[in-house]
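Each chain carries a letter (A, B, C, D and E) given by its place in the written order, and its residues are counted from 1.
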Amino acid sequence: MTDLLVALLAAFAVWTGWRVFRVDSMVRASFSLMLSFVAVGGIGVLLSAPYIGIATVFMMAVEMMVMAIFMVMFMMNPAGLNPMSMVHQHRISIGAGLLAALALGAAVLLSPLPSNPVLSEADVVAELGHELLGPSMLIFETAGVALLATMLGAVILSSRQGRFGNSDEGSRPPGLTPEGEPAGRKPEGGGGHHHHGGHG
Amino acid sequence: MTLSIVLLGAAALIGIGLYGALSQQSFVMLMMGLELMLNGALLAIIGFWSLALGGMPEGQLLAILVMAVMAIEMAIGFALIVAVYRKRQADMTESIGTLKQ
Amino acid sequence: MQTLIILLGWTVLAWLLVRATQPPADATAPQSAPFLGGGTTGTHAWQRYHFRPYTMTLVFIAFEMEMMFMYPWAVVFVSEGIKALAEMGMFLAILSVGILYGWREGVFRWE
Amino acid sequence: MRLSRLASRAPAPVFGAIGPGWQVAVERLLARSGLRRALTPRDAGILLVAGDMPGDAAEALGRVHDQLPHPRATLRWTVSHETADAVADRIVASWRDLGAIDEADLLPDQPPNEWKGVGPHGQGGKGMMGGTPYGRPMAMTGEDIRDGLQLDRYTARIGPFAPMLPPGLVLEVTLQGDVIVAATVQHPPFAQPVDADAPELCAARMLTILGLDGPARRAIHGRRPGGIWVRGAVPRGLGGIEGAGDARDRLAAFLGGDRAAVTAPDLSELLPGLEWSEAMLVMASLPPSAILRAARLPEAA
Amino acid sequence: MTALLALAVLGTLALGAVFAVAMDGRIAQLAAGFARQRIETEAPDRLNRDLAAVWYLALAAAGLSVVPFAPGLALIDSPVGIVIWGTCEALTIITVFLHGWSSNAPFPLIGAYRYVAIGLPVMLPSMFVLIAAALPAESLSLPAIVESQRGMWNVIRQPLGLPLFAIVVLTLTLRGPMDFADAADIATGTSAEESGAARGLWEIARAAMLVSASALAATLFLGGPLGPVLPGPVWLWIKTAALMAIFAWLGRRVARTTPSRMLTILWIVLLPLSFLHLAMAGVFAL
């Protein structure tokens, strides 16, 4: 029974993962990826990792929401009103993906897998807590520093005001073809920059 | 048996993720591929932890760290996309090549 | 297993309810036009939507990772005692620096 | 059967299309119990057309009419000696047997643009941005006035019957996200009688934007509106106008029963740079007469 | 037993939703809506337009499933109950976003994005409140949190918790000062293009979510099913109904500020407050 459910969820995860690259709408793509994570979280719950499983869904729901925002913000044709295809080196990629999947799959099937299942009565959340505060304390605090660095980096990279003025000074969009017309933009002459400054 | 199913699923996810990361022209879609690969890794970790390692707590910590890596990858990745878009008004990998002009 | 089946059950039940109560949607062309108080628009509303607090969302997903550590921490908090308080205090203090920096850079408003 | 009996007791949802000189009458009418002011025609069953509509508003009126779901009915309120009581009764009566009335569309059933799907699934225009998929082109990128990310600009003409704008006003706004980057007045608001500037009505308009429907109703009835954190919710310094303070000051004046004398600047200078929510708050904080004068400015000049 | 609990969840949700709609005086209005046409917009995302209400209802039911109806008796008796609830919160944001996105119309779109901007940071106080409630219980399971309140309710030893959680509840149920998705200045935002039965169903889902969130608040802060004389479920219903009334009253009375200002308030005022709340709860628990 558990095997069947795990297999179904794994198949769902793979199918939704595949849909990510097949749908036209960016919103659907991000939430398709989220469904893939939800299925993985479900497998976690089945395999007596309730905390990791549910927390995966929680974290990924939030992250995919942000993903959807950025997808819609920066992708041409975000809602998939026209057919969507922005791929390069397509054949090589399919080959590489297939090769990786097959090689890993073969390794799984051919190698003897150890069997040492987690005890069903173990309080895995408390174990994780003790691990965090005890032996892995340094990892935990290092993660804090890494996240701080991420926050600082994200703010510095994405905000406009730099030390040397606005970072978008004199920028021009590239064309879809080299030296082509700017993509996704009405052809217009010049168009000076307006700087009304910040707000608030 | 269960572990094999889980690991096969993980292998398929990593394969699809690799395809996406290599084939997509757009940064954002490329990141979807990376996330999918990490998803496969996460699935494998959960499987190993639960069925092969007897539930050692480090396994759970590793899963959390994978998620932290995803969060960091996303935050920095998107910040980079914003920065690149400001410069080039495009989010395609090709546009990075011409950034030096 | 039970958890998953219950959650799936609710979803199916909700779907059935929606199927049962919702007549098929239809509209003529003037009826389906987006409501603009009688006004018109040339383009689709779906667009590269300029979500203003985008930097906030990046700070948010980094900061939110702390939740992953805090739930297990909460379970062992009483048994680990003051050490737990100190370690989490340090962790949150580190992350708060990022928030303060973000505040100073003005990421918590519409850009 | 029982469901329909229950349904007929619901307050009649009315979308008001307000003509020249009828703003006060309609605002007071829709604050009555038994009637409910719908903020979108999708939520309404009755379209109330108050006053003589100028010819150039006919098409917009048709558009709003067609956006009501079936069954629907239009009521006209043009005779000024017909009392509000009589009109309210007429509305409730129509709402009761709406099923028997239902009206057909006024505008022809034509898509905004000729479009035939191309591509293997019939879903697309040309290329990724081209053509008019599903009858409309896609928005294109342009300059931004705040953070310099050149994302899509969405241009729409809003009005003359937008519930958050004064009746008659047609604004062509260009939005990036929800920030207004450009605004031009296409049609000034309809002239309204002096009592449209009455402080309780002005206060009610602001309270509605602040999400306080109950207090807004009480304000129209001339009672103390109540509500928590009302003034504090209006950001300080928003919509500041020389001699008339900011939006928060004006709300305080309305709530205190003072008529604010405001000389509003040109709307196409006032609105750009504001977020949509801020802009609507500022608009609600201006008495209708001030907006009318401001909207006429560019023509006078 | 499981079937009985499932019925209890369903019944609570249904009756509570009726109560919530009645408090707003909207029962007749809701009934009227179901008889009317459901309008399709131009080229909508049909799948998500239909599914948004499904998710919303399912999330309300899932959230209520982790709430214990009697001491030690919850439909989903998971060791990580509050994490499941937190996940429901996160998915609610996506649901409301999809509701606004799927219409392909400007006002719903603005409402959807506004809601995301507010909904995401609201998760932070929410998580701190949930974690603080777990501290004295030494467990993430809600039955254990109820047990830990036998001596003293959390509303007393964690006084900041309920006010902070009220903000979360108002956000999740699109009410009052946190109702950024359906505001009047965008002609009821994400619902602006919804008519007839679709509009009514969304209203019902909002009401169901209010039941679910209030029941959780009652469990976290008012001891859930604990109480003298009366049986556990009755106590839970009384407390839930009382909290629903309070939340609905707040939603009608408190003014809504602009979204950008609310965003700043959430990060600059409410986040430090929830830090303080957690620290106080931690010191108290030791």
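Assume contacts are C-beta pairs under 8 Å (C-beta built on N, C-alpha and C of every residue); 3 or more make two chains touch, one makes a residue touch a chain.
Being a predicted model, the structure only gives us computed values, none of them experimental.
Chemist: Among the chains, which has its CA centre at the largest distance from subunit D's?
Modeler: So the farthest one, by centre of C-alpha atoms, is B.
Chemist: Quick one: most central chain, C-alpha centroids?
Modeler: If one averages C-alpha positions chain by chain, the most central is C.
Chemist: Pick the pair with more C-beta contacts: A-B or C-D?
Modeler: A-B
Chemist: Taking each chain's centre as the mean of its CA atoms, how far is subunit B from subunit C in angstrom?
Modeler: Here subunit B and subunit C have centroids separated by 20 Å.
Chemist: Could you work out how far the Cα centre of subunit A sits from that of subunit D, in whole Å?
Modeler: Computed value for the inter-centroid distance: 40 Å.
Chemist: What is the distance in Å between the mean C-alpha positions of subunit B and subunit D?
Modeler: Using C-alpha averages as centres, the distance is 46 Å.
Chemist: For subunit B and subunit E, let me know how many angstrom lie between their CA-based centres, rounded off.
Modeler: Measuring from centre to centre gives 32 Å for this pair.
Chemist: Residues touching two or more other chains, restricted to subunit B: which are they?
Modeler: Subunit B, residues with two or more chain partners: 64, 67-68, 71-72, 74-75, 78-79, 82, 85-86, 89.
Chemist: Which positions in subunit C touch two or more other chains at once?
Modeler: Counting only residues that touch two or more other chains, subunit C contributes 3, 31, 33, 35-37, 41, 44-52, 54-55, 57-65, 67-69, 71, 73-77, 99, 102, 109-111.
Chemist: Residue numbers in subunit E touching 2 or more other chains?
Modeler: Residues 34, 37-39, 42-43, 78, 80, 83-84, 86, 104, 106-107, 113, 116, 120, 123, 140, 187, 192-193, 196, 259-261 of subunit E each touch two or more of the other chains.
Chemist: For subunit A, which residues count as touching subunit D in their complex?
Modeler: 24, 73-74, 76-77, 81-86, 160, 166, 168, 173, 183-186, 191, 193-194, 196, 198-199
Chemist: Give the list of subunit D residues in touch with subunit E in this complex.
Modeler: Listed in rising order, the residues of subunit D that touch subunit E are 3-4, 6-11, 13, 36, 39-40, 42-43, 45, 67, 69-71, 99, 112, 133-136, 154, 156, 162-164, 175, 177-178, 207-215, 226-230, 232-235, 238, 275-278, 280-281.
Chemist: Enumerate the contact residues on subunit C facing subunit E in the complex.
Modeler: Listed in rising order, the residues are 2-3, 6-7, 9-11, 13-15, 17-18, 21-27, 31-37, 41, 44-46, 49, 51-53, 56-57, 60, 63-64, 67, 70-71, 73-79, 81-82, 85, 89, 92, 96, 99, 102-103, 108-110.
Chemist: Help me check something: in the complex, which residues belonging to subunit A touch subunit E?
Modeler: Against subunit E, subunit A makes touches at 25, 27-28, 31, 34, 50-51, 54-55, 57-58, 61-62, 64-66, 68-69, 79, 81, 123, 125, 200.
Chemist: For the complex, which residues does subunit E have touching subunit C?
Modeler: Residues in contact with subunit C: 2, 6, 10, 34, 37-43, 46, 49-50, 53-55, 57-58, 61-62, 65, 75-76, 78, 80, 82-84, 86, 103-107, 109, 113, 116-117, 120-121, 123-124, 127, 131, 134-136, 138-140, 187, 192-193, 196-198, 200-201, 259-261, 263-264, 266-268, 271, 275, 279, 282-283, 285-286.
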